[in-house]
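Consider the two complexes below, in which subunit A is the common component and subunit B and subunit C are the respective partners.
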Partner chain A sequence: MKILSSGTALHKGFSLAASIVPSSAMKQILQGVKLEVTNNLAELTATDLEVLVKYRLPTKACEGEGGIVLPASRTNNIFREWSGNEEISVLVEEGHCTLQSKGGQFKILGDDHLQFPKISKTDVTDFVEIDGEILGNMVEKVAYAVSSIKALSIYSGIAIKISGDTMIMVGSDMNRLAVVKRKIHNPGNVTMSGIAAVKCLTFLQRFVSECKGILKVGIGESQIHFIGEKGEVISQLIEGKYPNYEDVIPKNNDKKIEVNRNELLSIVRMASFVTNEEYRVIEFSLTQGKLTIFSTAANVGEASLEIDAQYDGPDYTNTFNPDYILDFLKASDSETITIELGEVNDAALFRTGHEEINVMMPVDWK
Partner chain B sequence: MKRIIMHIDMNAFFASVEQQMNPSLRGKPIAVIGSNERTVVTTSSYEARAYGVKTGMTKYEAKRLCPHIMLVAGNTSRYTDTCRRLVKIYSRYTPIVEVYSVDEVFLDVTGSIPLFADAETIAKKIKQDIRKYFGRLTCSIGIAPSKLLAKLASDMKKPDGLVVIHEKDVRSLLENLPVQELWGIGSKLAEHLASLGINTCGELGRASVQRLKHKFGIIGERLILMGQGIDDSPVIPMEKESDAKSVGHSMTLEEDISDREDIERYVLQLSEMVGRRLRKEGYSGRTVSLTLRYSDFSTFTRRKTIGIHINDGINIYFVALDVLNAIKLCHPVRLIGVSVSNLHKNHFQTPLFPAERAKQQVVYAMDEINNRYGEFSITWGTLMNRYHHKGVISPAWRPKGVKCINLANQMGKKM
Partner chain C sequence: MGKVKILPPSVINKIAAGELIDRPAAVVKELIENSIDAGAKRIDVYLEDGGRKLIRISDDGSGMDAEDLALVFKSHTTSKLSSAEDLFAIHTLGFRGEALPSIGAVSYARITTRVKGAISGAEIKIEGGRIGKVKECGAPEGTQIEVQELFFNTPVRKKFMKTVPTEMSYISDVLTRFALCYPNIHFTLRHNNRTVFNLPPVQEIIERIEGFFGNELKKHLLSVFLREELFTLRGFVAPPFLNKANARLQFIFLNGRYIKDTAIYRAISEAYQGKLMNKRYPIVFLFLTVKPSEVDVNVHPTKTEVRFRNKSVVFNYVLSTLKDALNKSQAKPIDIAAPEKIFQRDKANITSAAYNNRSLWEQFSFENTEEKTSGTHNGTKSVPVPLKKEELLVDKDVVVIKKRYFQLHNTFIVEETNEGMNIIDQHALHEIILYHEILKGLQSSQSPRQRLLIPELVELNPKDFFFVLSIRAQLEDVGIEIEEFGSNTVMIRSFPQILKHLNGKEFIENLTHDFGEEDCRKGNEGIINKLVNIMACKAAIKAGQKLDYQEIDTLMEKKKNINAYTNNCPHGRPTTLSFSLDELYKHFKRK
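And now, the complex of A and B:
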């Protein structure tokens, strides 16, 4: 089996597939990327046993059929060095592969491609369509809020709900919540939902930047499946029931202000300069026409920063984790942010229109 | 003003406390061990040391050297209670008392000299008081112009020593003293210094700053000062101690285990213990470290930092589990430790979801019950009948507050 491809295409495709390969795996074969040619089509496959990616490699020529599992990191390094080369030839023979390009060649030992894990059939039956770029953008707007504790199961994933012409993504680490809604093409009017591993969705952001265009998305009993023009991503869903996030979105917060996102981002970030690991808190105060952010930390100092805000309600002061506010503001691309606050112990709501919201609880001082 | 620092090191502390409490042990070779089968000797009496019994030996090694040795399971509360009472004695002579560990303190007696004539008089009075109130307990006292030299002085005569290092004698004393005799220079650092041709404190004091900085970074300069006997570090009384940097627990298992479920159960137990102490002191943290020691005694620590501060056992366990799941176990496990760092104090992020808030309330309710009826009176079903952890002094024990001491980790330490 032999393929000819450009250095750029081979490097892009291989590094995309290699990015899902775990740095350490129980089986050596999982630290590789499968290259396979069938029906004159070259395909790269990689998996960490949770997420599987298939990528159709653009080639100039394909001869024969067969495959090999190439060591991901080593091979990727070679393709990176040759990414500017016009042409790379990949010749697969018994147990090894010869990579040849301008100025030299490598003989790389590989594993038997038939031993590589396969997903013969998914349990996904229905699909909707959404622009890949929009999907990647949705992931960005909720992924920051997801818990990094894998064993926390449901909170380590992003809940996806498809209903009518809307797709909703929800992320939470138990203390805050990020929700984003976007329109989709759902000709079959299907309803489906599931909790996708954050690793799958952040990989998908990279996938859609390489495979632009419309993406088909389907959720089954235990899997989520994305199909693009150049490849597909399949991932196991996280088992469990996501808590009813709508219940915790405040509906009666009576203190509302609208502020410029960049101005708010700037003062919260500056206030966070005088916090430290022990005192990672900022004070958020609303007075007539003004929003003031105050921070102080022992052995560090204090900061008081303010911006104009259209507010004529009662004075309000509460304390929040600045990282929570910064995460939301950084992920947002809106010019203005609406903040809705209730009583001192109530959750605060940050929103940009009705499509992106962030709910966070205040910090409680004992 | 020249400082006068005193270092007091209780001799064979745990063993002496046991002999004091139990007259039948007096004058006999005894070794204090942890409560489980495979624990190591944490302290031995001087009678046992005469047979070559040392801290860190397994009880079988101790028995081989001294067949009639009496093994006594350590009793944490006895030692911490004795330490508290000892601190009260020291406080009669100076308010500046730093409890370095359960059996070692530093005293800054500079301001006390006008009241008590001289430092030697204070030291003798302290020894008399200890003898009066504790009978068999003895201590070695070092007096010097710095903590470094006071510690060196107390190590020079054991048991029941009193050594004074005067400023005028420092240079000649250090000239030929091996570097590893200095507090803070362990065998590994001594090896590195030896590779540079530095074996004695005299050679260390004369070494090139640039050369040592190049080899050891910023501590290079400090090493040279140590070689010259210079140490300006203050005696920090308990009330001025900075907040804890981490809170942790570890335990040597009753037998080496390989089964992952068993390991996970121990991790859960340790996580619960750590969470309990974090909450007691008002801390929460976002870095969880898991320490494993294999049957061949090789030990390693892996950690994970998360975005939120946590202090409940279950969440600590979940993070520790993430760490454990990323480790390929090569040998059976002998010791497991869990600790939480990157701490902050007295502020808590309220959970957003009602179910999580309810879980938090359950944890607080369990704390109340355990406060009233004793540790692990109420716990997870998985941990029923599993709480046997008496041989270890709370890793962050202090007469007030917290500081880390773990019997299992005191191997190699002379007591």
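And now, the complex of A and C:
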């Protein structure tokens, strides 16, 4: 089996597949990327046993059929060095592969591609369509709120709900919640939902930047599939029932302000300079037409920063974790942010005009 | 007139009660023993206000006729002994005839009973030692005993009763012990109309162990068995890597009776010698059967203390059996302490845990391929952190390096000082720093806690549930707000910000294991102090954790600020070992 491809195409495709390969795995074969040619189509496959990626490699020529599992890291280094080369030939023979390009060649030992794990039969039957770039952007807007403590399994994933012409993604670590909604093409009017691992979705962000265009998305009992023209990503769903996110979105917060996102980002970031590592607290104070952020830390000092805000309600003060506010503001691309606040112990609601919501609980002092 | 008087029976019984019945759990224990001796296959315990208001125990045992019932509240009346010789061949749990008179002396009690097959039942009441008459009545087969207003006539003892959750914790301990020892009996425990546990009969003790302590423990337990002429030992022990901060999970039963015996504890401790860290305790479930003539259970009214005829033989049997079991056990099967894994807490690293049972792959065997053996995953390998110039003092064009430090084996920080060098345990140092920071924050009401948007539910076993509830006020004081949420479940409403990297559910689940028995007796301040201690330990950086320059820098900076109390961590371990230049010179024969 032999393929001929450009240095750029091989490097892009191989590094994408290699990025899902675990740095340490119980089996050597899982530390490799499978290269396979069937029906004159070259395909790269990699997995960490939770997420699988398949990428159709653009080639100039394909001869024969067969495959090999190449060591991900070493082979990727070679393709990176040759990424500017016009042509690379990959010749697969018994147990090894010869990479040849301008100025030299490598003989790389590989594993039998038939030993590479086979995917279990899928239970995904229905698909909807969405632009890959929009999907990647949705992930960015909720991934920050997902819990990094893995024992909280359902909160270590992003809940995806598809219904009618809308896809909703929800992320939460139980202290805060991020929601984003986008339109989709749903010709079969199917409804489906599941909790996808953050790892899969953050990889998907990289995948869609390489494989632009429309993606088909399908959710089954145990798997979620993203299928594009150049490849596909398949991941195991996290078991469990995600709580109804709408229940925690405050409905009666009566104090509303509208502020410029960049201005708010700037003063919250500055105020967070005067907090310490263990105690991340800023005070949020509303007065007529003004939002003031105050912070203080023992042995450091204090900060008081203000911006104009459209507000004419009663004076209000509450305390929040600045990291939560910064995470939301950094992920948003809206020019203005609406903040809805209730009583001192009530959750605060941050929203943008782009169907993005963040709900966070205040911090109090004990 | 002589001063010495014979005490009236009512006073004698109250004195006896003082020794035997010290809290509701003691009543429950004595009455369940009676039910078991009566051959009950089902025992239902119902309580109100942690047993302070009402204890009701119903069984389906043999029951009593009116004649026997008339005697039960009288001192030293029993159906289980007839002569002094019987004392040395006791086959029943009770035998002293003290329990019921003692209970009756300090409460309002009523017994309703019917012998199997009898047409009618009988009832008797006792009010603070005043025994009523036996009356005929309708009753289910078996015996039902109701004890109300315990200690109503002994106000001092009444005052010594603890909160409802604490009393419930003792009672669920008692029930757990019986349930472990008698898997074929159906036990139920209800409190204030809520089921605490319902344990239908099972074939094997191991099933009960799983029910109480979970599948994880069950699957690692090692079976032990020894049969000698006068002695049989069977049971289960946990491999050393599954250990606890206290000895609460050491259950020893002798002839169906829960006992505490120093010789057996010593044998357990010796069997695990060298396998456990200091102040860690193994988990054991041992069931001994000894010929009744070889043991005296009549040492103390509560009968948890026994005297073996040949203590050293029992010690040797237990020790050798446990050692055999432990030697046969494999090395630690799960990679609990791989340091590299522990410390990647900031990354959304959601690898195997949630998916262990749900592989994406259908047919994939690990058998044919060689495992990676390169050893690159050595978490204790020294990190190539170069010496760091912490501070440069520019003085008359001469650059003087004031202090330098580096990390060693991802666990220690080596600091050069003007006098020599310090070796610092990074975890112990951070722990003591946090301990004082948390205490300071709490004292000045400057300890932030994060309210949860979605309250977290933590399901506990009954003992842990009542224990956690018993320290609810102290938890709230340190920033952990919990609420009771149905049977055996608590809801976390807020959690201290300093523990933001910790899983609240795991923190609460492990609390009972982190608390030693002596910690629970220390009162409000002692409990808060212990909680702060646990928080500091859990939030601190760990041994094996790779630190970057910034982190080492911050740690050393904080050390400078609190130098006065950094010599020992809250557990008493040293944080810093200092070596003077003189010592170093001497070691290298330079002086």
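Here, the second predicted complex is superposed on the first by the 364 of 366 C-alpha atoms of A that agree within 3 Å, B and C clash if a C-alpha of one lies under 4 Å from a C-alpha of the other, contacts with A are read in each partner's own complex, and residues count from 1 in each chain.
As a convention for this text, contacts are C-beta pairs under 8 Å (C-beta built on N, C-alpha and C of every residue); 3 or more make two chains touch, one makes a residue touch a chain.
Remember, predicted model here, so these are calculated numbers, not experimental data.
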item: Fit-or-clash call for subunit B and subunit C when the two complexes are aligned on subunit A; value: clash
item: Subunit B versus subunit C, judged by how many residues of subunit A each one touches; value: C
item: Contacts of A:149 with subunit B and subunit C, given as first, second, both or neither; value: both
item: Partner chain in contact with A:321 - subunit B first, subunit C second, else both or neither; value: both
item: Partner chain in contact with A:280 - subunit B first, subunit C second, else both or neither; value: both
item: Which of subunit B and subunit C A:363 touches, first, second, both or neither; value: both
item: Subunit B versus subunit C as contact partner of A:24, first or second or both or neither; value: both
item: Partner chain in contact with A:177 - subunit B first, subunit C second, else both or neither; value: both
item: Contacts of A:5 with subunit B and subunit C, given as first, second, both or neither; value: neither
item: Colliding stretch - subunit C into subunit B, listed as 79-87, 151-159 or 241-249; value: 241-249
item: Doubly contacted subunit A residues - partners subunit C and subunit B; value: 24, 26, 147-152, 172, 174-177, 243, 248, 277-281, 319, 321, 345, 347, 359-366
item: Subunit B-touching residues of subunit A, taken from the complex the two chains share; value: 24, 26, 147-152, 172-177, 243, 247-248, 277-281, 319, 321, 323, 345, 347, 359-366
item: Sites on subunit B touched by subunit A in the complex; value: 243, 282, 304, 306-308, 315, 317-319, 321-322, 325-326, 328, 342-356
item: Partner subunit A, residues of subunit C touching it in the complex; value: 345-351, 353-355, 358-364, 366, 368-372, 376-377, 434, 437, 441-442, 445-456, 476-479, 494, 496-498, 501-503, 505-506, 539, 554, 561
item: List of subunit A residues in touch with subunit C within their complex; value: 22, 24-29, 31, 47-52, 115, 117-121, 143, 146-153, 156-157, 172, 174-177, 197-199, 202, 222-223, 234-236, 238-239, 243, 248, 277-281, 298-299, 319, 321, 345, 347, 359-366
